[in-house]
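Below is one structure; the comments refer to it alone.
Labels for the chains are A, B, C and D, by order of writing; each one numbers its residues from 1.
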Amino acid sequence: MELGIIGLGRMGANIARRLMRAGHGCCVFDRSAEATAKVAADGGRPAASVDGLIALLTPPRAIWLMLPSGAVTEQAIAEMAAKLSSGDILIDGGNSFFKDSVKRGQMLAQRGIHFIDVGTSGGVWGLERGYCMMIGGDEAAVRRLDPIFAALAPGKGSIEPTPNRQTRDPRVEQGYMHCGPMGSGHFAKMIHNGIEYGMMQAYAEGFNILETRGDAKLPEAERFTYDVADLAEVWRRGSVVSSWLLDLASIALAKDQALGSYSGEVADSGEGRWTVEAAIEQAVPAEVLAAAIFTRFRSRRDHTFAEKLLSALRYEFGGHVEPK
Amino acid sequence: MELGIIGLGRMGANIARRLMRAGHGCCVFDRSAEATAKVAADGGRPAASVDGLIALLTPPRAIWLMLPSGAVTEQAIAEMAAKLSSGDILIDGGNSFFKDSVKRGQMLAQRGIHFIDVGTSGGVWGLERGYCMMIGGDEAAVRRLDPIFAALAPGKGSIEPTPNRQTRDPRVEQGYMHCGPMGSGHFAKMIHNGIEYGMMQAYAEGFNILETRGDAKLPEAERFTYDVADLAEVWRRGSVVSSWLLDLASIALAKDQALGSYSGEVADSGEGRWTVEAAIEQAVPAEVLAAAIFTRFRSRRDHTFAEKLLSALRYEFGGHVEPK
Amino acid sequence: MELGIIGLGRMGANIARRLMRAGHGCCVFDRSAEATAKVAADGGRPAASVDGLIALLTPPRAIWLMLPSGAVTEQAIAEMAAKLSSGDILIDGGNSFFKDSVKRGQMLAQRGIHFIDVGTSGGVWGLERGYCMMIGGDEAAVRRLDPIFAALAPGKGSIEPTPNRQTRDPRVEQGYMHCGPMGSGHFAKMIHNGIEYGMMQAYAEGFNILETRGDAKLPEAERFTYDVADLAEVWRRGSVVSSWLLDLASIALAKDQALGSYSGEVADSGEGRWTVEAAIEQAVPAEVLAAAIFTRFRSRRDHTFAEKLLSALRYEFGGHVEPK
Amino acid sequence: MELGIIGLGRMGANIARRLMRAGHGCCVFDRSAEATAKVAADGGRPAASVDGLIALLTPPRAIWLMLPSGAVTEQAIAEMAAKLSSGDILIDGGNSFFKDSVKRGQMLAQRGIHFIDVGTSGGVWGLERGYCMMIGGDEAAVRRLDPIFAALAPGKGSIEPTPNRQTRDPRVEQGYMHCGPMGSGHFAKMIHNGIEYGMMQAYAEGFNILETRGDAKLPEAERFTYDVADLAEVWRRGSVVSSWLLDLASIALAKDQALGSYSGEVADSGEGRWTVEAAIEQAVPAEVLAAAIFTRFRSRRDHTFAEKLLSALRYEFGGHVEPK
């Protein structure tokens, strides 16, 4: 089927390419003419403006936004609300905050426009590997887009089937899932990323302990110098901690096991934060997911005021002067 | 080659079977005659006692202990120290504390017995899937046992190769690794399990937030009722959080997505604890790994004194009476 | 001076009483006629309605709201916006969310009404001990209310003076502080409560370790049975952990050192949650404050889905069946 | 009575002085002749060696060790075991690990020497304020030392009495407590320090959020610039978070509210670590106490390998390059 795609960054461009490889037609637009031209070179029908893109598509249209979350997406959806027609489908495939998606969907619904929120996992690997999609929105619109989702999803592949799933929705085993009403796709993706942060931090702490085990302060017989690149690799086979993230850790460590090109400052997108806020809203504990986000915050600070206050208190009660 | 195996529980019996399938000869003993008989039925040469087992093996012997860590292993190693001969190899494949392994290895070395500590991951799946092994001990003894490790390991399988590993130890890609001196195998396995705890907790918290998102206290449009079994399955394909643990979560949730057969009390073996202690010994942070173990402790308590003290303080300063 | 007070619960009624003891006139109203009558019996001029209260006061008026935060306060402020006159001062002394206070203050300012947000600490002890106040709002209005704040505050008392404060705002040593613009009082109170949660949890964990140290599983010589009521008391004198919360712990434990009347379910007001959300908004770590709130969430749940999933995973990979 | 004191650092010298002010005789020794001379100038009887000190004292002797914990204390106790006589009392007033104290006490008991472990809180303020003491050991020896403990303790002072303590041990209200058998004094002090770490971290995190609330990235109306020195001071009066640590925070912040003389690297003595290890040994959760120690570990590292691994994974799956 025919899909319009707005936003041709790393994710959007590859989504277009994967769809075209599967025989779908893509009309594409990016505010960077160069980005648009690149996807056009791979078969996309380029538009020079949002209006141009809308004009290229036959109603009822389906348009996929793949834009930075926050203000950019907010503005784009406001624009589409004004320009699309009743019966059109607008998809937000980015990492929007689910409460925004609920509000945007309600606003669009008042104009007869179907809003579909798609949490899209796959990163730079998605073009070849396919995208895992968590989808929110009304059933009919989701069904209408099924050929798109089916083409983007990884498919069953060679992954071992899970028993007892015979009576369940077969789309799930293809790698896409209709999660529920508007917002539920982005909520699920948010939690997916929250878990991702937790898993990454689990590996990070474990490898950190291994990497510092050669410390000369330890008793000599209990001091070990690990080849952490080899450990990551060996755990890929038969161990309980094997995962795709471990595959990537092994790739990174095999390149340079000191990871010398990284400063240690770790950015975070919003989803790790929102996951903790959701836990708080629901009054459920999330110690690990919170610790994972706090570690990143700390990594981007030089020494904190908090730490200085600890030293100040130690000085005041005990006369302790910190060693340098 | 020929291997003696003492301890034929879930792990030990399958280790014997996997070795025998690969053509190795196994002399086996378990203090339960029934357990011994079962492995004998699959081709093992049974012994009726430790002495009997030793007598069955041609020196220099290699004996693999697969026993509960702690007192049972301690006693078995003391017994073997007395009964084995110089040049024999004693392998501890269990989850022993690495500092114990260092001490035991030093004691055995004084008698000329080689001690090899093997962290063995694979659980009930190991027979078919192979065992991931982290090995500590002296190079020559590890080399002598290579046919054993090669047979137990999963092998390269269909797992995507990691780039830039051409000049590295090829055993690692087979699923076993000589980590370093005595104790380093058990240390690596300990960290492996620490990471496992952290990953499990990351999934547990994430699914918990998803599972409680239908809470009637939330605004109706932001309330979602997820099919968590489907979510676990869909994430197996193309998502960043795919892993073997997620495969298992999907299996468990497809059986019963309420997990109604589990009480919620979660045991822990020692390795999660020791991982945190190692972090403390090395003065490196391990927030996630600590949170993961504390959650298990809490799960096994009814209300704690800590919680009652919080309520008592709230009553004393604010007159707050907790709702029931 | 003359103050109107709306909301005569535990906090509001005692605020009126403390002001009247200091010679101020209080016009009081509570939607419960009984609550109003009680404060009237102590010298307050009772009103039968909000309109009645407004009519009793001479413009420019000052009215202190001491109501449950959230919807009740929201509605009361909307009502006051409609009924008060330009030049009047409206004080919110409750635990409102600071972002709400900012919005409400902006709305009131458009009508010429001064909004003052006062974080008020002191609990049931405030009548005798005085209230510690963190105040946000414009300078002139705060100055106008100075007699009120001075009367409510604890005063210098017998507390040891802090050196190097000669050139600083003398109000602070009386126990009240003008923190900054609208919202800054409630923000400071929010952080105050966040710290309170963290301190309470620190004591709770420490006493919990002490209280469980008699565990028969520990080596006999390392097993101790503490009189925790005595420990709380002894730490009140000369120790680094002495505090008002410890005074209260000692009071509670001297009544019943098993704390048998508390179920262990611990409620939380919003401020611990908002503190963590503020940390997230500012991208600064707050591990302890987050752990403190999560502990309370957990205390109010029976076993969580998270814990069941941990057990399910343990069963799936290792065949582990949890002990009961 | 007469007491020998070995170790005349900040703590030991002031203990001697406080005892002498109360009329007790102190025989003192420090391996630094200068330190010994200083206390001699204040009235102590100086000894030039351990043997000299022992000779100065009339049996049955009482000797208080106030030495760095670990090897120095270990060696001193071994020396005393060889040199003291049956019936003598040896006191370890330092921060020794309680399991060491149990072992040392057992060893000394075999020689008829009474071992008393005293957790001593008070820091540089103890000379004037008195020392809070948690005491382990046999009843008779503790009773014999009562005049010493009574003189060192703060006494009842002006602290508000706790109700319901009439039938309890009156020594506790003086500021010293016989906690139980050998080791129980050091265990209680360890937990005291663990709580101290948690409280310090609670304040540190709270002040950190306050101190960073002026961040220009926040919405202007929700941005506040606090005088944190004033906040610390105002909370000393009537608030729930008042404490001695807060008094010290106020002192430190009044000197320099930027705390510019502190690097932010925070040392830790062993007791915070041991507290977490005790929690692990007892299988009770201690999230806050663990987070408090991990923060200090992190403060002493530049960027960790853990953080670099997080960035490496982000690069591998998403092509993310960390901003600098």
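Note that a contact is a pair of C-beta atoms (placed from the backbone, for glycine too) under 8 Å apart; a residue touches a chain by one contact, two chains touch by 3 or more.
The shown structure was predicted, so the numbers you read here are calculated from the model rather than taken from an experiment.
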Contact-richer chain pair [B-C vs C-D]:
C-D
C-alpha-based rotation, chain A on chain B, 0 to 180 degrees, nearest 5
180
Cα centroid separation between chain C and chain D, in whole Å?
31
Measure off the straight-line distance from the CA centroid of chain B to the CA centroid of chain C, and report it in whole Å.
47
Residues of chain A that touch two or more other chains: which are they?
123, 201, 203, 205, 208, 212, 240, 244-245, 251, 279, 284-287, 291, 294-295, 298, 304, 306, 317
Chain C residues touching chain A - in the complex, by the definition given at the top:
240, 268, 273, 276-277, 279-280, 283-287, 290-291, 293-295, 297-298, 300-301, 304, 306, 317
Once bound in the complex, which stretches of chain D touch chain C?
98-99, 102, 106, 121-123, 126, 129-134, 153-160, 162-165, 168-169, 172-177, 179-184, 187-188, 191-199, 201-203, 205-206, 208-210, 212-213, 215, 218, 221-222, 224-227, 229-231, 233-247, 250-251, 254-255, 275, 278-279, 281-282, 284-289, 291-292, 294-295
Seen from chain C, its contact residues with chain B in the complex are 10, 123-125, 200-201, 203-205, 207-208, 211-212, 244-245, 248-249, 251-253, 259, 262-267, 287, 291, 295-296, 298-299, 302-320, 322-324
